[in-house]
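One structure, as structure tokens, below. Some questions next.
Chain naming follows the written order as A, B, C, D and E, and within any one chain the residues start at number 1.
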Amino acid sequence: GDVTVFAAASLRTALDGIAAGWKAETGHAVTLSYAGSSALARQIEQGAPADIFISSSVDWMDLLETEALLAPGTRRDLLGNTLVLVAHGPDAAPVGIGPALDLPALLGPEGRLAMALVDAVPAGVYGRQALESLGLWERVAPQVAQSDNVRTALALVASGEAPLGIVYGSDAVAEPGVSVIGTFPEDSHAPIVYPVAQTADSDSAAAAEFLAHLGSPAAAASFARQGFIVLE
Amino acid sequence: MGFLGPEEWQAVALSLKVSLWATLASLPLGILVAHALARWRFPGRQVLNGLVHLPLILPPVVTGYLLLIAFGRRGPFGAFLEETFGIVLAFRWTGAALAAAIMAFPLMVRAIRLSIEAVDPKLEQAAATLGASRPWVFLTVTLPLILPGILAGAILAFAKAMGEFGATITFVSNIPGQTQTVPSAIYAFLQVPGGEGAAMRLVMVSIALALGALLLSEWISTRVARRIAGR
Amino acid sequence: MGFLGPEEWQAVALSLKVSLWATLASLPLGILVAHALARWRFPGRQVLNGLVHLPLILPPVVTGYLLLIAFGRRGPFGAFLEETFGIVLAFRWTGAALAAAIMAFPLMVRAIRLSIEAVDPKLEQAAATLGASRPWVFLTVTLPLILPGILAGAILAFAKAMGEFGATITFVSNIPGQTQTVPSAIYAFLQVPGGEGAAMRLVMVSIALALGALLLSEWISTRVARRIAGR
Amino acid sequence: MSLSIAIRHAFAGFSLDVSFQAPPGVTALFGRSGAGKTTVVNAVAGLFRPDAGRVAVNGWEMFDTAAGRWLPPHRRHLGYVFQEGRLFPHLTVRQNLTYGRWFAGGPRDAAEVARIVAMLGIDRLLDRRPAALSGGEKQRVAIGRALLSHPRLLLMDEPLAALDEARKAEILPYLERLRDQTDIPILYVSHSVTEVARLATTVIALESGRVVKQGPAAEVLADPQAVPALGVREAGSVLAGRVLRHDPDGLSEIAVSAGRFFLPQVAAEPGAQVRIRIEAQDVILSRGRPEGLSALNILPATVSEVRRGTGPGVMVQLRAGDDLILARITRRSADLLGIAPGMTCFCIVKSVAIARRNVGLIRGDAV
Amino acid sequence: MSLSIAIRHAFAGFSLDVSFQAPPGVTALFGRSGAGKTTVVNAVAGLFRPDAGRVAVNGWEMFDTAAGRWLPPHRRHLGYVFQEGRLFPHLTVRQNLTYGRWFAGGPRDAAEVARIVAMLGIDRLLDRRPAALSGGEKQRVAIGRALLSHPRLLLMDEPLAALDEARKAEILPYLERLRDQTDIPILYVSHSVTEVARLATTVIALESGRVVKQGPAAEVLADPQAVPALGVREAGSVLAGRVLRHDPDGLSEIAVSAGRFFLPQVAAEPGAQVRIRIEAQDVILSRGRPEGLSALNILPATVSEVRRGTGPGVMVQLRAGDDLILARITRRSADLLGIAPGMTCFCIVKSVAIARRNVGLIRGDAV
């Protein structure tokens, strides 16, 4: 009756709470394995005992789907997120995000813009798309410092190492060392989506139940508290 | 229990188990390979040497990825092991131990190899003239003389195993109670807002354990050296 | 150039530069610390020993965080270095070298320490009776005798530096041409579906370089050993 | 032949070409520092593989380049006492001693260990480790270790050099007994002609990697031509004798072919065969039988050969009964006395001049 | 006093309590294996720190527990020839030789190196490394290395044990010259009374960590009471003499207080002072002046002391002129000849029985 969930590491706080609640409710235990979406997807390719996969990137879920590793009809978009510009310090002045934004000036000559890897990690990819669509990328690109994940990028800003960073709204929510000084327009980048699906190999009866539970109001509240946008 | 939650204690226990097994199970092979590299001349010696060092050179994620491809359930070795011996490594603590052992192997081998090279071959010759065949020379002369080196290598490997993260999480994922070692748990904490406190507590436990092992090994090898020096 | 793109070649060049500097710059300190641990008895010896080993025990990400806190521009050491010497580590290749050096330091120290312990103190005594003070004994007797060990330690450190990823990217991030080392580039490729091919090409380059260094060191130390053995 | 050795090897700057056969007993390798003695012994032990050669012990071939045969050291059943000890530092003295026995598979006779330990005077040391031993103590343990491994051939590379006279005197009889009571051949390297004369059945003199003299010990040692190879100070001859009786004043009477010999307390029963080495420099020649001298041994003899070198000394070989005696006297005395082949005279030898170490036993009648 | 040493230390199972003063020259530490010789030398070198004691060389205090003084080895300016060589394996022979000179800061005399190299016979080896040397070759290099470091005190722990007689004979004169021509005191460990008698100014006999006999060499060696400590075979006396002339037949005439002595070719100019060691066992006593003997040296003497032990031998001390001669004869001869204090008789010594190594030079008139 137990369920194993492979989930993108950034979902940890929310999912831990949801799983605990569900266990109290149903008695079914949920095992949660958090890692980067790429690692988890590859593991599922290699027969990992996952019943449910929650990815932070559409690409990896797409790959599993084309390889027929997902239980048909179980995939749905679970969560969305916003992309925000954060600055060091608790009360930095907000800026207007648009083609007129002079990021190099904000950064100063030495300052770095912290992002996740702009070609590889979803948050970085979205960030680059946004900057490109706003026509800001060309000028700021030389000053971008890319981290292996959003949390490290955020840490660079929180520590003051980088004055500005582009991260998910959900990441900025609970970090006292930074303030959100602007949110990128939804249409400046591809939709930020966390898809979920049951795996083809899953034979857990409870898996479908938990999958459904993820859409429950309680779960939605939990996700929302962490700054995610609950889709559907 | 107040310092760490039950899941964290579980990670600590698992890390200890994984690191211990990784160290102990790879020790005989480590000694053998170290001996071969130190004392034998055979074709392919440098290839073996290079192979042993690969995990050191490669980013851990790559090692983990290669392990996943080779020893995953669908991988050639993984499938073979499962079919013939019923051994499953993928996504089990045994896999974590394999990853840790492989990552720590170059360190273990180097430490042991250096200590073998420091043994005076004249003593081994003397043993041979007294009738000891190569294996016996090794067991009765070389091995006792390199015990401090073996201990050093084992502890080094243990420490590395306790800290190993990249290869482990890539190979066997991060499943609490199964493959979630202390470093993976630390990683998971660091990925969400507010997790730093819990992460640092785990870091402290992990430092305490590994340093404890380290000091123990220093103490033992000092004693052994003193005994040999006849003091 | 067809095998790798220009950005990848840049990463290769940078990795070499970072690893070389990390190794060479930490070597004197490594020898000093190894010598202190092997031959001196002083209070705090075990603390030093533990400190040296920390990077091995900790998950690399944690080391990266700690570096960031200590050596970032706002960190106590980072600010000091910048104000007094104008040295900036954050987001520079120098920071990558520092991260690599620190991650490789335990390996370097252990290798050198073992080789120092293998030097017969009786030879050092003989040098002392001939008028050599401690530093001279070290320079003229111990050092030449441990050259193979130093070489081994340096190459080990170099190899580790070539593969270092977690601490580096956390500390100095990934700026093409500045801090994007080969492992970061590999990691980036592995994050996207279908990136494995490009990653594996980089892996091969990185293996070739590190193994080349390794074989070179083996060859040199065999020659040195042969010379000492008078063959 | 018990020992058959042929070894050829070229080092840079030194080439070795040694070949000899030796009957059972002790074969002494004698030669100056750097002559190649250790190298030969190492080749016999299998620790060094020469370019070409053959080594056989009692017909058992251990090495033969022609036949492509090469036994590894541990299959050769040798006891090797090294020039520099080579004790196992991690084992106690006791464990060092019994190390080889363990592999020999022979009888585990506790009394044997006790006997050898007592002979070597290392009882006090059994529980120490080598690092806490003095130089001589180490060497004694090394000898015991080799002896206890039940070897088929004993290799000894200057085993006694680090020992004091008293200890040497204690160990030599044991080596003699080994030589006489067992079939174990011994290849013995030494700088000391005393040791060689006392122990050796066969002497092989090496010079710069070549055999310059070889043959039965008594012959080589009494050969005036061999004197340069052995060193003038060390020249001397060996007489065979039989113990007649022990007198109450501590002297033993020995029958030699030319008469009677008096020696201080010989440790052998009446009837025992002994060999007596007489150093050439200890022999005084006299035309007539001298009277009123403190020297007790006066043997009539006939000069058989006189060898004059460039120095002030003359080597005189005399026949006394069936034995050969070598005397070294000054040229001046030789001229004054008119020493020439054919002349008869008396050989005078002090009893006490013949050190106990110069008296050896043959065929174990030791007490 | 040139050398003043007091050392107390307790090992588990062995305690050392040695204290002596010695005048300039060579101080020989003599004693059986395990007596504590190396331990004393190590304490002097500063390689071993005893529980308590004091070491001073020519008034220069290197160690004094009472004063809390302890100089580290490299500040002591010693040349130490170790029992086991300890050459630097990574340096060539040449580099090993000049290692200490480098720190000594004294004159860099290339001729000095050449001279010592020639004396030690190691010219061929200069570019080799220690691993390619034989046992004796290693030891010769070690001696050269110590000599070339311009030491204020030379420590030699059985330096010649690994060398053959010929090489010993070559090196001994050099040590003598060192003793006589420089102020460098030498602390010399040896098992060989020959070496001791030839070199030593002062003899310190150790037994189980205690000094059992000490004093000027001539005295200790001619003391019949000292015989047990030194070993009966090694007893002998030392005569002072002056070279008169060298005869064309290769003999040298030496004036001693009791008459004239003939020795084979002494390497010293007429007029040079020499010391001649005569082993007690080489002396024959005769009631009357013997005739027709090949022995050339016949000195009139008066018996001054007779020491009978339990064995067959008797030790006789005689006064010949101003010198003391020790003779070891059998009890039987002593009785036959009626040897007793006060009796006059003749001491007969063969010229060739006095080995060249037993003739030493005093105050460097060497040729």
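Here is the rule we go by: a residue touches a chain if its C-beta (ideal position, glycine included) is under 8 Å from a C-beta of that chain, and two chains touch if they have at least 3 such contacts.
The chain lineup, named per UniProt: B, C = Molybdenum transport system permease; D, E = Molybdenum ABC transporter ATP-binding protein.
It should be emphasised that the depicted structure is a prediction, and the values quoted were computed from it without experimental measurement.
S.K.: Among the other chains, which touch chain C and chain D together?
M.R.: B, E
S.K.: Work out which chains are contact partners of both chain A and chain E.
M.R.: Per touch definition, common to chain A and chain E: C.
S.K.: Which one of the chains is farthest from chain C, going by Cα centres?
M.R.: D
S.K.: Hey, how far is the Cα centre of chain D from the one of chain E, in Å?
M.R.: That pair's centroid distance is 26 Å.
S.K.: How many angstrom lie between the centres of chain B and chain E, each centre taken as the mean Cα position?
M.R.: Each chain's C-alpha centroid was found; their separation is 60 Å.
S.K.: Just give me the whole-number Å value for how far the CA centre of chain C lies from that of chain E.
M.R.: 56
S.K.: Check each residue of chain A and list the ones that touch at least two other chains.
M.R.: none
S.K.: Residue numbers in chain D touching 2 or more other chains?
M.R.: 84, 128, 132
S.K.: Going by the contact rule already set, what residues in chain C reach two or more other chains?
M.R.: In chain C, 61, 65, 187, 190 touch at least two other chains.
S.K.: Any two chains that touch count here, so list every such pair.
M.R.: A-B, A-C, B-C, B-D, C-E, D-E
S.K.: Give every residue of chain C touching chain A within the complex, in rising order.
M.R.: 61, 64-65, 68-69, 72-75, 90-91, 169-170, 172-175, 179, 184, 187-193, 195
S.K.: Considering the complex alone, what residue numbers of chain C touch chain E?
M.R.: 122-123, 125-134, 136-137, 140-141, 144-145, 227-231
S.K.: Under the definition above, what is the set of chain A residues touching chain C in their complex?
M.R.: 36, 38, 41, 59-60, 62-63, 112, 114, 117, 119-121, 144-148, 152-153, 155-156, 159-161
S.K.: In their complex, what parts of chain D are in touch with chain E?
M.R.: 11, 13, 31-34, 38, 83-84, 124, 128, 132, 134-137, 140, 158, 161-167, 191, 231, 233-234, 247, 249-251, 262, 264-265, 281-282, 284-288, 290-296, 311-313, 327-335, 337, 339, 348, 350-353, 355-357
S.K.: Which residues of chain A touch chain B in the complex?
M.R.: Against chain B, the touching part of chain A is residues 4, 6, 9-13, 31-35, 39-40, 42-43, 45-49, 149, 151, 171, 173-175, 226.
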